[in-house]
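Can you read through this structure? Questions will come right after.
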C-alpha cells in the first residue's frame, strides 16, 4: 500500500473538532511515536499541527537542513501543518519556566482540543521526558490570566493531554493507556510513509520496523491490526458507557 | 429533588446497547459504590441487571429478609432487575474456581457489554476484593468453550470490565479511572433514593453522605456536579479522539 | 460558627513546642491545603510561621497587592506570622540550588520542629511540586556546616517534614498519610475564615467547598468530623505505641 | 547485658493501655520479627498476648514439643502470655474464611488496642503473608454483629493494625513504616534472650545476628541504637503534632 | 530455517549444568511463553524437564488427547522431557497448600538449578498466576526438612526462580527483567516449530506471530534478533561484573 | 585483616575487561556506597577510574584540601585512579545539559564497559540523585555523533549503567538489584580501609559501621559474608543461564 501523496484533510473541518496539537523534541519523534494517530485524525477531518523543538542537530546522522526537509515532508504525508520553535537545542533541553511559557503561547495560538507530548519516562533521550514536563506545565499556564508574556492571546483550556512513547521503554507503567486503532490501510500507509520520510535516521537502523512491530503487538492485544498506545494525563470524563469504547484483552 | 417512583427504562432499548451487568457482594454495595452510574445508564435506555452474592447476613444491622426487600426496592429505583446467587455467604466468600464458573454462567445468560465489579483493593470488607477477583476470572471463563458446566449457553466475550469502589480507600492507585458524570438531577435523585432505600444500613451511619461527598469531590475535579470513578480492567480501545471525552483537571 | 477575630496563641508557648514552619508557593496555598492544621497547632499554643514565595502575580484574579492583604488577614485568622520571600515569581519557579540555600536560611532563622511544604506530585500547578522539592532539600542543607551563605545562623535539624496537598490530585500515592483531626468548632471556623479571606480567589470558584468536602471525606475515614491528610517525608520514630494514635478505618 | 529472668510487667496495667495482641505463624516468628517491640510495651506496663498458629512441625530443625517449650520460654522472657491455636498446620496455611472468623474470636476475647501480624509481602514463607491477610480480615470481622460463630463475645474495634517483617525482604515497599525504638538496654537484652530461646532454630544459623543487624541499621536511620520497623495498615489519626514523634533521617 | 527433527542435547551434560525445570498450567503455555529459552539451554547441553498441570480440557479448541500429543511433540522439538501432573484441572486451579507440596516433590526429584514458572500478574488466564504462586511456594517447601509428604527425597535448594510471561500483559511491572537472547537460527527454528506443534491452538489464531513479534521487539531493545524476557524472583548474586552481561538499551 | 598498602591491579589487564568508571558527588560517596565493588574489580584485574564532582566544601567537617587528600588515599587503597571535575560545587549541583555533556566527555575518554553512579532516589543529599540523572543522560549523549563539544573523542556505547546507594534509604524500590559479593578478606579489608581513609567524615559518626552493617545484611540474604546491592538502569542481556549467577534468598 504505497502512499506518495500527502493526505488531504477534508476542506472544512467540522466545527466540533478542535485541532490536534502535537509536540516533538526532534524531527522524527512525532512520526515514530504517534504518527499513525495523527494520520487517523487528519483523515477524519481534524486539523493537526506539529511543533518541533529542535532540528536534530546533535544526531549522528543527518544535517539540520536535511532533518528539516524530512520533517516537512513527513508532516505533509500526515496531513498536518508544521512549525519549529527554538528552546535550548537538541540534547540540551532544560526544564525552564520560560520554555513552559513559550509553549503555553503556542497552545493559546493553536487552541487545541487534544494535545500530545512525549511521555515522562526518564530513561530515554533526555529531551523527551523534559519536553513532556514542559508541555504538561504549559497546558496549565495557558489557563492562567496573569502571565505577562501570554496576554496577547486569550486564555485557553485544552480538553485532554495524552503522552506518546517513542519506544517500548518509554511507555509509562502506572498509567492505563488508551489504544488508538490505526489499522485502516490508508492510515497505516500514511504513517509508514511519514516514518520512511526520515531517510537520514533510517540509514542502517530499523526504527520503522521497531514501531510497526510495537503497533502490531498492541494491535493484537486490542483485536485489531495495529494500535498505538497513548497515556492520559488526567482521568477521562464520560457522560455514559456509550463513549467507553471497549477493553483490550484478546489473549 | 425527591424521587419516589422507580425509573422506567425506555421500553425498547436500542439494539446497540448491550446490557449492563453489575455484581455486588452484599445488598447496598452496588448502590453505594456505583448506583449513580446504573441510574444514568438505565435512563439512557440501557438494560441493567444486578447480581448479589449474599443477603448481608453477617451485618450488625438488618435481617436477611429486610436486606432483600431493601435491595429489591433499590434496584427498582435504579431501573434495574435484580438476582441473588448463592456462593459462600456474607463474610465467608472464598476465591474458588467453582464460584468463578458460576459467575461465568451468569455472564453467558446476561450477555452484557459492560460488567461492573468491586475493586480489587484488599483492605476493605474481604468479600469485596474477592468478588472482584472472581468476576474478573469469570469474564475470561465465559469465553472458553470447554468448561463443562457452561456448555448450555454459548460463549460470550464482554466489551469491558470496570471496577467500582465502595469507599475512597477502595479506589485503586495505579489504575487511571474514568469519571462518569452523574450530575443530572434525575440521576442524582434516583441514586440518592436507592441508597436511602437501605434503611437498615443507614441507621446511625452516614453512608449516603459519604458517597455523595465522594462524588461531589470527583465531580469538582471533572468540572461537573457529581461524578463516580470507575477503574478499567484493560486499556480502552478507541477509533479516534472523538470518543475520548475530555480530561478531568479543574484545579 | 463565625470567626471574625484572629486566633490568639497563648502568650508563652511551652518550651517543648518548637515552632511550626509552613511554606507556600502562592497566597492561599497554605490556607487551602493545610490551614486547619495550622489553626489547630496555634490554638494548642505552638507558634506558626508562614512563608510565601510569590504574591500570585500570574493568577487570573486578584492583584499582587490584594493577594498580599488577603494572605495577611488569613495568617492572622490562623494565629500565625507571615513572611514573603522572593524566588522566581509566580508560575516561574525553578529548582535552583540558590533557592534551596535561601530556604535553608529561613529554616535556620525559624528553627522549627515541624516543617510543612506542598506535596511532590508533579501534575498540579508546577510551582507546588518544585517548592516541595526545594523545601525538602533545604531541610538537609540547613544541617550542613559548610555552606557559605548560611554561616550567620547555627546549623539546625528539624524534627519532621510533612507534605500537604492543595487538591485531591496532589495527594501522593505511595506514602501512608497521617490524618490530623481538625473537627473542633473553633479550628474549623478559623480554617474556613482563613480560606474565605482569599476573596479574589473565591469569586466564581468553589475552592472552600472543595477543601471542606475533602476534609469531610477524610474525617469520615478517621471517625471524626473533618481531617486533613499530611504525608511524612521520613518514617516516624516512636518510643512506644502510646504515641501511635489510632488507625483510620471506619468503613 | 545478660537477661535470664522473664520481664515482669507492672502488676496493674494503667487502664488506658489496652492490651497488645500479636499473631505469629510459627514459634519464633514473633520474636525474630518484633520481639523488641513486645518487650518495650510490657516493660511500659502494657499487657501483651501472643498467638501462634502452628508448632513449627514442618521445619528442618526442632520437634513440635521442643518448639512449644522454646516459645513458652521466649514469651515469658518478653513478659507476654502465649496461646496456640489450630489452623491448617505449618507450611499448610490457606486463606479460608473459617480461619479469619476463628482469629476474630481471639480478637473479641483479647479486646486489644494494637494488633501485630506478619507483613503481606508474598515472597517469604507462604504461611507468613497468608496469616497477615487472615488477621487483617479478622480485625474487620470482629466488628460485625451478625457472624454466628462470634456471637458469644461482644463486637470489638481495634485501635490499629501494624505489620511486622520477619526479614528485610518482608518489609513492604509502598507503606511508610514507623520505627519503634528498642535501644534501652533492658529491652534489647530481653529481645535478644527471647530470640536465643529458640535454640533449635539457631543451630548453625545466624537468625539472631540477622535481626540485630537489621535493627541496628534501622536504628542508625532513626538516630537511636536499635529500631524495629512496623507498617501501619491504615493512616494514623493524630490530634496534633505533639503526637507525631520525629522523622528518621540521620544520613 | 525449517526444523522437523527434535533437538538433541549433548549426551553427557556438563556436571556444572544443573537441570532446568519448567512449569506450565496448560499444554502450549511453556512453548508460547519461554520455548526459545528452553531450546537455547538444551542446545547448550543442559537437561530440561517440562511439567504440565492440565491437558487443556477447558479450551475451546482441541481435545485433551490432541493437546497431550501436541505437547509431547513440542517438548521433543525443544529437546526436553515432559511430565503431566494432576492438580485441579484446566480453568479450575486453586492455591492450595497440598498443590504446593506436590510441586515441591517434583522439585526434589528433578533437583533443578533454574526453575521457570508463569508470572504472578493476575490479569491473565487465572491458572497462570496461581501456578506461579504455587511454584514460588514450592521452591521454599522443597528446602524444609519437616514436611511429611516430602520425606522420601532429600531437601533441595534451587539456584534461582524466574517467571515467564505468556503475553505482553503478563509481563510484570516492577521487576527488572533479564533478556535471554534466542536469536541463533537453530534456537529460533526450534522454538517456532514447538509453537506450531500446538496445531489445535493455532487454528484461526495468531499466537505464533504474537510471540515472535514480542520477541522481536525485546530483541531490538537488546540489540539482537529476538529475545525473551524473564523476571527474577530474587536479586541475582554476582561475584563480579564479568558475569553481568550487558544492558539492553538500543533506542 | 589490616590493610595499609594500596591494592595492586595486575599489571596487564585482560583485554576483555573494559574499564570501570565510577562517579561520585563528594569525596567519600563512592567509598561508602560501592567501595567494595571497586576493590573487587581491581583485584580481578579490571582498571577502575573514579570521578568526583566536588571537594566536599559544604560539609560540616573537613577542608577541601583534607577531603582531596583523603579521596586520593582511598582511591589508591581501592586500586583505582582518581580525577576531580568542576560542576556547580558541593550542595549546589543542578541538572544542566552542559554538565551532562561534560560527563559524556569523560565517558568518551575513559571508554568504560560498566559505569556506576549514585541512585536516583530523591530523598537523600540533593547532589546524589542529580548526579545520577546527569550520568544517565551522559551515557546516552556519549553515543550521539552530533554534539559539538564531544567531537574530539569518538562516540562510545557503554555496556551497562548501575546505580549504587549511599545509604539504605537511597536503595530504590522498583528496581530488582544485583548483589555483588564482597566477602573475600582482601576485598573487605581494602573497602574498610578506603572508608576509614575519610578521617574527617568519620569523626563522631559511624558511617563505616553503617555501611558494613548494610553489607552484612545484604550478604546474609545472599548467603555470603557481605554484599553490596547495585541497581541496573536497563535489563541485563544474557546469552544463557550459565551467566545468571544465582538468586538471593536465604531466609
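The first chain written gets the first letter, and so on, giving A, B, C, D, E and F; residue counts start at 1 in each chain.
Keep this in mind: a contact is a pair of C-beta atoms (placed from the backbone, for glycine too) under 8 Å apart; a residue touches a chain by one contact, two chains touch by 3 or more.
Note that the coordinates shown come from a computational prediction; the quantities given were computed from them, not determined experimentally.
Each step here moves to a touching chain, and the least such steps from chain B to chain F number 2. Shared contacts of chain A and chain E, meaning chains that touch the two of them, come down to B, F. When the interfaces E-F and B-E are ranked by how many C-beta pairs touch across them, E-F comes first. Copies chain D and chain E of the same chain sequence form an interface built mainly from non-equivalent positions, shared numbers / all numbers used being under half. The chain with its CA mean position farthest from that of chain D is A.
In this entry, D-F is the pair from D-E, A-F or D-F that repeats the interface of A-E, since more than half of their contact pairs coincide by residue number. The geometric centre of chain C is 38 Å away from that of chain F, both derived from CA atoms. If you average the Cα atoms of chain C and of chain E, the two centres end up 53 Å apart. Averaged C-alpha coordinates give centres for chain B and chain C that are 38 Å from one another.
Counting partner chains per residue, chain A shows two or more touched chains at residues 95, 123, 174, 221, 233-234, 249.
Pairs of chains in mutual contact: A-B, A-C, A-E, A-F, B-C, B-D, B-E, C-D, C-F, D-E, D-F, E-F.
The residues of chain B lying in touch with chain D in their complex are 56-61, 88, 90-95, 122-123, 125-126. Across the interface of their complex, chain C is touched by residues 17, 20, 40-41, 44, 46, 113-114, 158-161, 174-181, 221-224, 227, 229, 232-249 of chain D.
On the side of chain D, the complex with chain F involves touching residues 123, 166-169, 173-174, 206-207, 209-210, 213-214, 216-217, 220-221, 249, 251. The touching residues of chain B, when paired with chain E in their complex, are 95-98, 100-101, 120, 133, 136-137, 140-141, 143-147, 155, 233-234.
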